[in-house]
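Every chain is named by a letter (A, B, C and D) in the order it is written, and numbering of its residues begins at 1.
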Amino acid sequence: MATVQYISPGGEVAGELPLTTEELVRGYRAAARARFFDERAVTLQRQGRLGVYPPFRGQEAAQVGAALALTERDWLVPSYRETAAALTHGLPLSQVILYWRSHPAGWRFPEGLRLLPFYVPIATQLPHAVGLALAGRYQAEEPWVVLAFIGDGGTSEGDFHEALNFAAVYKAPVVFVVQNNGWAISTPTERQMGNVRIKDRALGYGMAGVRVDGNDLAATWLTAREAVARARAGEGPTLIEALTYRIAPHTTSDDPGRYRDEAEARRHAAEEPLARLRRVLGARGAWDEAREAELERELEAELQAALAEADAAPDAAPAEIVEHVYAELGPDQRRAWEALGGR
Amino acid sequence: MAAEARAPVADARQGMTMVQAVNDALAVALGRDDRVLVFGQDVGVMGGVFRATDGLQARFGEGRVFDTPLAEAGIVGLGIGLALGGMRPVAEVQFAGFLYPALDQVLSHLGRYRHRTRGRFSLPMVVRAPYGGGVHTPEQHADSPEGILAQAPGVKVVVPSSPERAKGLLLAAIDDPDPVFFLEAIKLYRSERQAVPEGHFAFELGRARIVRPGDAVSLFCYGGMVEVCLKAAEVAAREGVELEVVDLETLAPLDEATVLDSVKRTGRAVIVYEAPRSGGFGAEVAARIAEEAIYHLEAPVVRVAGWDAPYPPFTSVEHHYRPDARRVLAAVREVLE
Amino acid sequence: MATVQYISPGGEVAGELPLTTEELVRGYRAAARARFFDERAVTLQRQGRLGVYPPFRGQEAAQVGAALALTERDWLVPSYRETAAALTHGLPLSQVILYWRSHPAGWRFPEGLRLLPFYVPIATQLPHAVGLALAGRYQAEEPWVVLAFIGDGGTSEGDFHEALNFAAVYKAPVVFVVQNNGWAISTPTERQMGNVRIKDRALGYGMAGVRVDGNDLAATWLTAREAVARARAGEGPTLIEALTYRIAPHTTSDDPGRYRDEAEARRHAAEEPLARLRRVLGARGAWDEAREAELERELEAELQAALAEADAAPDAAPAEIVEHVYAELGPDQRRAWEALGGR
Amino acid sequence: MAAEARAPVADARQGMTMVQAVNDALAVALGRDDRVLVFGQDVGVMGGVFRATDGLQARFGEGRVFDTPLAEAGIVGLGIGLALGGMRPVAEVQFAGFLYPALDQVLSHLGRYRHRTRGRFSLPMVVRAPYGGGVHTPEQHADSPEGILAQAPGVKVVVPSSPERAKGLLLAAIDDPDPVFFLEAIKLYRSERQAVPEGHFAFELGRARIVRPGDAVSLFCYGGMVEVCLKAAEVAAREGVELEVVDLETLAPLDEATVLDSVKRTGRAVIVYEAPRSGGFGAEVAARIAEEAIYHLEAPVVRVAGWDAPYPPFTSVEHHYRPDARRVLAAVREVLE
């Protein structure tokens, strides 16, 4: 089966596009919001106002499109690069900033928001996503669906395999989105696996598999939406491979010049998802420079407010180190807590 | 065997074995809380390789008691996800020696989740695993990895030493708001029968117990080593030497107060465990004594443990590896000299 | 692609069978030798002359056929059930007996025999097989090939996945043989995985995949032979799924009546590999009752000699417990060694 | 950065950083023994996230120095297979906190293979991993799992504390007939430059070193804690108190003799490590002292370690978690009281 695409890099729509203009605007705004934050985050990091940060430039459609397929009832399970998906699913911007400042308040996501924390140890989130999906069967009136992200590199871990196998065996309502962005730090996908069509793994597990143009927000959204609907209907898990590209460095500490030809990255940058969306919206008379400028003003205001909120968070107290190890301080934690000035 | 398979809950007059007590605890927990789920390799139709889950699937259905694929990281990871979704997962790992593939989930997540998310998420989950030697199991089926688990802050480690304690502690572990490893000594599964109260009851986690008071030497032990120490104490008593046997029961968080109190009274400490000696959990007990009770010691601390080698896969000599009363008594003599 | 089969359960050969009669006799004798030992091992276990033992009844063709595809230069990597494969690759019978008696001498396989030890922790052998296969590239005049076994249950472990992925990335000369015998202790293949065609995983990894009738020794031998040839020629790894059935209990401690309908096992027993081989050989005039009786006498004599040899092994000494922890006794081992009466 | 990337081997007059010394050791080993292979995530073209393998692929080719897929169990397992096939694998795990998925290969095989096969097979393999905190790394990048590794009999655990020691110990580890974990403190990678001899040289494994003699208190430490203890010793010296700093260097097998000898001379022991205190490797050091040197102790043993919590992922407070000279000196005061 071919790669799912609705909007070409040039902005042409081949055939019918089953999204309303309103939906397209919503998708574009969410993607643009993510892009705005990502660009500013890199700057903030350089200014020392953010810690090490993994940019997602170029991957906005893969993340936002998939996240848009969820309702508030559904859970989103990110790796560490899914800031765009997390924002789209409702993580407040101030919280995102605090998180990337490594501030304790950044780690406590809001109660009620169905979002697991960002995951640093690669692939370990996927078994959790499967368990969480099964839990919905016991609890929810209408079971929730879980959408979990992972990178191309992450597919090499044993946990990826175990999670997909468990999901298939239990027909769990979970959607796995692999963002195949070509790189795992310096390792290209061709050195990561023997068959770079990650979607081909689905057959072996006995689950649905789809490869989509991950830079086409219509494709990622519609594909995820279908997969979520199937999961909700009890038809089991789906593996979505979203083909995209890591235009930016791995993190703000990385220098990709050491291991790749940056001309290749620039070529891929031309295929990034926002321009083509603007073109489609423009053709429908639904977007123009004025609206773009207005959006930017909104986003700037939102960012400034979030920064102010984040800046106002009190400094971490040393005693916080031993809090939340157990539900209550154990005897060793209590001693430590006192030594650390806890009161 | 077939009869036991159908009726793991023993005749009340005869008492229960430890594996029956575990089965009973699971049945009670499944019965009183819909959120409790029991799963693992071969725990469903077959009822587990030791029959610890025997009859539970028939009684509570495939939704509550189910088999998993053969993947330990997946099992523990699945449990974490279930706990995040509001369930009370009780996972079985077939043998503690096969817990190792799941250690990433343990060390990266089980103990960290509450801490990392500042209390937003917690993992009220139990992982049960049979551990330890003494019954000629095949290679790697006799491992004792409690010392590794006890290095994961945020995880509790509980090791029962009798049928009654097993039931009450397992029920407490299932009710606990934090993740608990529950290690069941294979050697004890059927070695002893004991009257065990019916229905729900729970012992407090985090408390060591003096199972035999004495004044000459404190023996610190847990799980399968408790019966070894009690036997040693019996022999010593015949010679008029009263050994105090302290069952640590919860290794993490350790009940330091009871340990120190005992050693301060007796002035002598022998620590008994079956994992390899170096770096094992007994080192932590010795360290606490060296830190807090040194002025009360009248003799060096002695550890009686597995030798610094893997548990021997050639089982004809395993009784030379696993501490027995003879070795404990030799250590007692050493500290009494 | 269909399941490879040359000899039907009834002993019919469909089409051409590219094995000489001599080869078939060799294959039959090796399989019959394995069967003979397996049957006697179960009896010996009951008599207390062997420890817990995992029978391989019904899986002789899957193991022996695959092992026959190797030369002495090649390595065989077993799990714990591959006694038949190990015997075929040259493990002395007395050693097999000592091993299943848990005698230390049983664990030290002969120097020069390219056979890794039996593996108890499931699936952990597969990454070793890949590394061992790569090592041959650096060392051997002509690289050796590695043939590694695993069960259907074992495919669920993360190590299975990591090993296959590594093998594909490095185009390692390794052949993976999955004995799909329907069961992992009490867990049937349908509860172990979402797609029971294990061979379908090969596509995802980008390696060759073949499903064979694992009870047809001609099929397993020829398929493994081709895979070994491809590996030797630098064409990379193969995943062979050998469809067979665990007729016997999981081990001598297991009671399959607890979890399966033994009528099903009896049905599968009718498809076992030896009868059909005898029929083919009989039709070619290459086998008869006299030769069978003669073979049994030979095997009985071999077994008695091996038992005598095994019985003569001196008892394990306690001090052996701490030997071979390191190349030399460390200070802690030395103390223990002395305490254990080592001299 | 680009310059360093091309030329990790430093100007001889300036000396080498520890990461350069590691790079140099790997280059020497690759140059003198064809069986040595270096591999891991991003170690090839990129030269490793810390540049420890920088330039090695260009120099020795893709056959000798290569990238692996992102799978730690696969990496260690691959190395075991390579060792079984006669090679001398030197694997890199990107951070010690990501070693956990490989612990099954470590605990099931690395330390057991020689033992299980009664010497038929051995695993002369090195696994390098950066460990420890102090440099504001992201979550789980600052873990110190040496206490877990030291529970696997058959595995050696080595932790260097300076550029010169790193080179000589790494070369010894590569030559060693047994598997060696080589943990490199991230904090030390670029903190100090030191003259390092050229070419091949090897220090003996299994020996602790007195890096600063003293008579008042023995400080036992390793890796990133050695500079902390040396700093504390300097401060104390100004007040006329001479602390003895013992760099354990090889944690397994532990050089008990040197530990005991030191504590017998000073009568006081402070053990410093950055892993969580309970169950950590320092417990083993304390236990040995409690067993063998109790009559020489003039004060309780004190451990200064990470608190009983995961390394804080909110890094603004990490200096309150990781032991520093201030905390070491407080402990010194305590034992001198």
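One rule holds in what follows: a residue touches a chain if its C-beta (ideal position, glycine included) is under 8 Å from a C-beta of that chain, and two chains touch if they have at least 3 such contacts.
Keep in mind that this is a model prediction, so the values were computed, not measured.
Student: Farthest chain from chain C, comparing Cα centres?
Tutor: For chain C, the chain whose C-alpha mean is farthest off is A.
Student: Is the number of contacting C-beta pairs greater for A-D or for A-B?
Tutor: Answer by contact count: A-B.
Student: Rounded to a whole Å, what is the gap between the Cα centroids of chain B and chain D?
Tutor: 32
Student: Starting from the mean Cα coordinates of chain A and chain D, work out the distance between those two points in Å.
Tutor: Taking the average C-alpha coordinate of chain A and of chain D, the gap between them is 36 Å.
Student: How many angstrom between the C-alpha centroids of chain B and chain A?
Tutor: 40
Student: Can you give the whole-Å distance between the Cα centres of chain A and chain C?
Tutor: 45
Student: So which bits of chain A are touching at least two other chains?
Tutor: Counting only residues that touch two or more other chains, chain A contributes 104, 107, 121, 156-159, 162, 165, 169, 191-193, 325, 330, 332-333.
Student: Hunt down the residues of chain D that sit against at least two other chains at once, touch-wise.
Tutor: 69, 71, 73-74, 97, 100-101, 104, 108, 111, 115-116, 139-140, 153-154, 253-254, 278, 308-310, 313
Student: Taking the touch rule as given, give the residues of chain C at its contact with chain D in the complex, in rising order.
Tutor: 75, 104-105, 107-109, 111, 116-117, 121, 124, 126-139, 158-159, 162-163, 165-166, 169, 320, 323-327, 330-333
Student: Quick check: in the complex, which residue numbers of chain A touch chain C?
Tutor: Per the touch definition, chain A meets chain C at residues 156-162, 165, 167-169, 171, 191-195, 198, 200-207, 236.
Student: For chain D, which residues count as touching chain A in their complex?
Tutor: Against chain A, chain D makes touches at 1, 5, 41-42, 44-47, 49, 67, 69-74, 97-98, 100-101, 136, 138-141, 277-278, 307-310, 312-317, 320-321.
Student: Tell me, which parts of chain D touch chain B in their complex?
Tutor: Going through chain D, the ones touching chain B are 73, 97, 100-101, 103-104, 106-108, 111-112, 115-116, 139-140, 145, 147-148, 150-151, 153-154, 252-254, 275-276, 278-284, 286-287, 289-292, 294-295, 297, 299-303, 308-310, 313.
Student: Name, in rising order, each residue of chain B that touches chain A in their complex.
Tutor: Touch residues, chain B against chain A: 34-35, 37, 63, 68-69, 71, 73-74, 76-87, 89, 101, 104-105, 108-109, 111, 114-122, 153-154, 156, 177-178, 206, 253-257.
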